[in-house]
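As structure tokens, the structure follows; a few thoughts come after it.
Residue numbering begins at 1 within each chain, and the chains themselves are lettered A, B, C, D, E and F in the order written.
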């Protein structure tokens, strides 16, 4: 129930994450990393942005510190705050400050969801200064060698109200990711879900069919992540059709008519029952 | 008046909850549970979502920790917070963190009501990472075996403003529940309210009649829960008609005209006075 | 000026509150109470909802704990919070938790005014679980025998924005109250205000006349409570007409034209000057 | 600079406030006071509401505790709050609670400006219960004999958004005040400003002229308070015309055209330069 | 870096501020001051409101305490708050309370920007009561002799949403200020900027020309303050035209077309290059 | 992880920052600096405002303290706050107060993003008073010689809602900056990115082409900063076309059609592949 905060653990991975490059995204990332330039990943939900960063961190042998952005996140959540300890206020570094000090890759996922002060706080880290002003300490921390900032967002998502500020975007090298081509996606689904190639191919066919519906009523397409989820249910013994229903169709929409239409599409694509 | 928080109790159930499966919902849940995949329950209010989770937790012999979402819920309510104790700040795990550590099923009821930071916080728990970043501790907690995330919501309810984010939905195996067919619902009402089969059948007939009104002016249909409530009043000696009036008709609407119309419908369905 | 919070007092009543039943509301309440079912009281302002609950609590010999809902009320106001005491944080139960522990009737007046988290917090108390999750303690408190939840609201009041959630209503046995018929109301006014029957009858005549204005410009009708107030002024020596002016007419509206029209109506109804 | 809060002082007045009754407002107030009924004062800004309450408190020999409502006022500002003292949290009564305990008149000026929780908190004080629930103490304080609640507001001011709730109004005896007739107002201005009758009469003539402009562009009329202010400047040696300009014309509006028009009206009303 | 708050300093001035009266503003101020009446200064930005108050405070030999209003200012910022000190909460007076206790002039600049509670808090100070209720202390502080309240605002600025409440305005003697006539303004610019009369006259000519543009697209006119600023740049060696460009033209607008038009106007007014 | 705040470091630079003046901006800045006048820098994102301030601070041999404005910044973030230390509350100066005490240049970047109280707090620093009222300390701090306020913003950015208040602007000497002419920009890109003149010239040609698109759909133009970023990627071995794609095209927009159009423009401008 009670836990001391003396030994915070960081996200470490001993085995290489499974990632299959699609274009020259790794090449651009490596160039940016060599120079310490910040990277902006753009791409739809579930296309593999997180995996890509994990793979690059592993290849570059850097610690990876991930923070998920949300509406209520403030700069203190990134930079740190004072806590009361034995009657003293003690400063505790936030994940961004830890990454800055230790030279890690700091991956701010869906940062556009956060309040603006969290994006402004990264400006001096994202230009020639490479330093983090910690106003509450009256300090400025210089980034250790190896520190790299990576932020991600989904362009299809953003409204006029919620967008990355131009003055933020300008500081980043932008890399666009998309769903992988069928062959690569089949390999990924088979590997991640633990299903045979035929099952994976069938799932990828379902995914591609849904992604290419003309004038789709869906707000998001069927992602690689969903296909892996469906594969997982198959690996646990569920029928292919039932797995797709739960992990793809019902997950994509609540609209009865759309559910029925998607079901017919899936029936047409899937082999047999 | 004053209570120490040394011995928090958790929700435990020694006897099997009464649940009658309608389709293959239990089969899908079991497959997801074997693989530790998160589950999204969709269905109208009062159709038995909570009971279903209780039954599955009992069958799988897992502890069940339930949290009801609401507008003001923040991620700290799920993850935990620092409290002052004897001049020291001590960390107290929230219900989600407790479930993650102990390998319990964590059921987030109507999570869509909560602020967005509460849904973002579950992302890394809901994908291949199966870990909970506890930013304020600077820690990441790996989910113990057996941990499973279950969230629920009522699709008929959601507005454009309040919906599950696509990037959240994608991580879940979706199971749709609905009101049970008459025979099963009669069995449930009789068992839960402690009334005879004839009374239960009459109540289910009332419920079905209201659910199938053409162009119903009601925002919600008469749920199984309401029928059980009406049955309970009958079991306490109230007349069937009066019980339906209080537990169904007056509970469904405040509109005088609709109350009168529903009353006439009930009169037509119920046997005798 | 300074008060220790060691000995909180609760609302107790030694003599039976004056209440005259109008329909079968007491019968339904008793059935719900026997089974521990939660009750939702619907009715216009000032029709006697509070009195009804006080009378039922007295008849059933239960402690009554009343909480008035308001816009800024949060779940902590109901459930409890941590306070600092001698360097320790000590938990102090809120009124709802006290009622749950002691088996009292907890009456949440105009709960619809409160923020949504206060209504969601009562869900597990209002269904078969009969338990209150106290998230901040990591505890779930089972309701003591005798605990009963009663909530009230005024249907004429509610807007689309402020309404009881369907998933909340469904859990309650609904009882509708209205202004009593003239004879009963005359008895009530005479008793409560301490005036003779003739005065009370005259006041009730005024009240009825105002309630039945065609296409009334008033947002609320002249309530029993207002008539008692007017009676009280008469009992203190004010003229009947003047008392009605202050306690009814001026209290109902600020609009000069409506005040004049109501005045003429009152002149027509009241006997003599 | 630093002050201990051991000896809070209350608002006391040794000499009778100057107040001239216009109608039967004092009679109604006395009747309400005898019975402990709460009073709602309605009237335009600066017509003498505060003076009236001060005069009644003096006549009835009750302590008067005044609180000015504002947008950010919460129930804690009225009821009290916990403060940290020597490592202990100590409860400090708010002005309302002090009035309740000591049997004073509590005058809540412009309460409609406050947040709704401040009005709901006075409900149980304003009906037959005459008690103040102090949720944070878990206590209910019964009003001492002599306690009386007085609230005021300006009906001309209120919008749909900001109004007294019907369920609040209903609990009060309403008294409407207005600007006094010329003779009384002349007496008041002469007395309060310390000017001769001729000057006071001239000022009242200005006030009346402005109040009766057809289709006035002013949001508020020239109040008794403004006339007293102008009189005060005259008593300090300023010319009558200049005093009216500063204390009435420029105070009423910023619009150049309206200022000019009012100036011409004043020139026509005032005797000589 | 760390400073104890034992010896707060107040704003004092040993030499007379430079102020040239334009109309009878000083005469009205003196009359109000003799009687302790509160003063409302109206006038455009940069016309000398602050200077006027400084000059009057110096003439009357009163301490001047200035507070700049802003959107987030609360009444606590004016009245005071509790601070934690050595485990005790100690009350620290705000600037308004200090002025009330010491009999200083309290100048609330642009008070209309503040939240409403800050304006309501000054009501009892601004009428016959001359006292400040300090709710959190449970005290009412009577104003020391010499205390005077001065507030200012810019009428051209205010929207419907942000205006001084009528019930606040009514309590004040209003004094309207405007830019001084050319001769006086030339004297002021020369004195304040330290430039010769010719330069000052040229700058005043520029200012007058901009103020009298027909249908000006500017939200504010070129103020005396701006002309002094331009004079200061000239005194530091910048050319007159360049100084006007930076301190007047570019400061007034960002619109390229307006900047060009203003530039042409300036060229026409200024002597030579 | 834990850091004491005893030794806050300030931003210092030992080598002269690389800055190439375009017009007379340095001359105006020097004049303002000699007189201690505050400076307002206007110009598009990425045109070199920060660099210009760094260069001037270096030339004038002043410490530079930079604060990035954001929506949630409050005056306490600038002025300072109380922190708890060993049971005592200790005041910690904010960056603005430190600059005021030490005579540094305080550069408030994009201050228009901050809440209004942060701009109002600088008013007395930005006029003849040159002092900072620290309300929470009850102190006013006089600016040390050498203190200078510099604020910046991007006029193309501001909406009606978010703009510098007129009463703030008026206090500043305004300097407008823009992108440098091609020759200067080529020199800057070559120097900062570490590429040869030909590459820099090609990048500047791309930048100029994008800036001069007729009726551009872009919210911001391709800035000098972006060109340097692209140069950096080239210096790390990426092809010129690929570098421009990531650092300019994808960073400027998410719109597929605009990306394609910009790509064609870049193809036309860049030499060879």
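Descriptive notes on the structure:
Here is the rule we go by: a contact is a pair of C-beta atoms (placed from the backbone, for glycine too) under 8 Å apart; a residue touches a chain by one contact, two chains touch by 3 or more.
This one's a predicted model, so the numbers in the text were calculated from it and none came from an experiment.
Counting hops only between chains that touch, subunit C reaches subunit F in a minimum of 3. Counting the residue numbers used at the interface between subunit A and subunit F, under half appear in both copies, so the two copies meet with largely different residues. With centres set at the average Cα position, the gap from subunit C to subunit E is 52 Å.
For the pair subunit A and subunit B, the distance between mean C-alpha positions equals 30 Å. The set of subunit C residues that touch two or more partner chains comprises 1, 5, 8, 84, 87, 92-93, 98, 138. Judged by the touch criterion defined above, the protein chains form a single closed ring in which each chain touches exactly two others. Ring order of the chains (start at subunit E, first neighbour subunit F): E, F, A, B, C, D.
If you check the complex, the residues on subunit A that touch subunit B are 1-5, 8-11, 45-46, 50, 66-73, 77, 83-87, 92-95, 98, 109-110, 113, 154, 157, 192, 219-220, 223, 225-226, 229, 232-233, 235-238, 242-243, 246-247, 250-252, 254.
Subunit C meets subunit B in the complex at residues 5-6, 8, 24, 27-28, 31-32, 34-35, 37, 40, 42, 74-75, 82, 84, 87-93, 98, 115-117, 119-121, 123-124, 127-128, 131, 133, 135-140, 155, 158, 166-167, 169-176.
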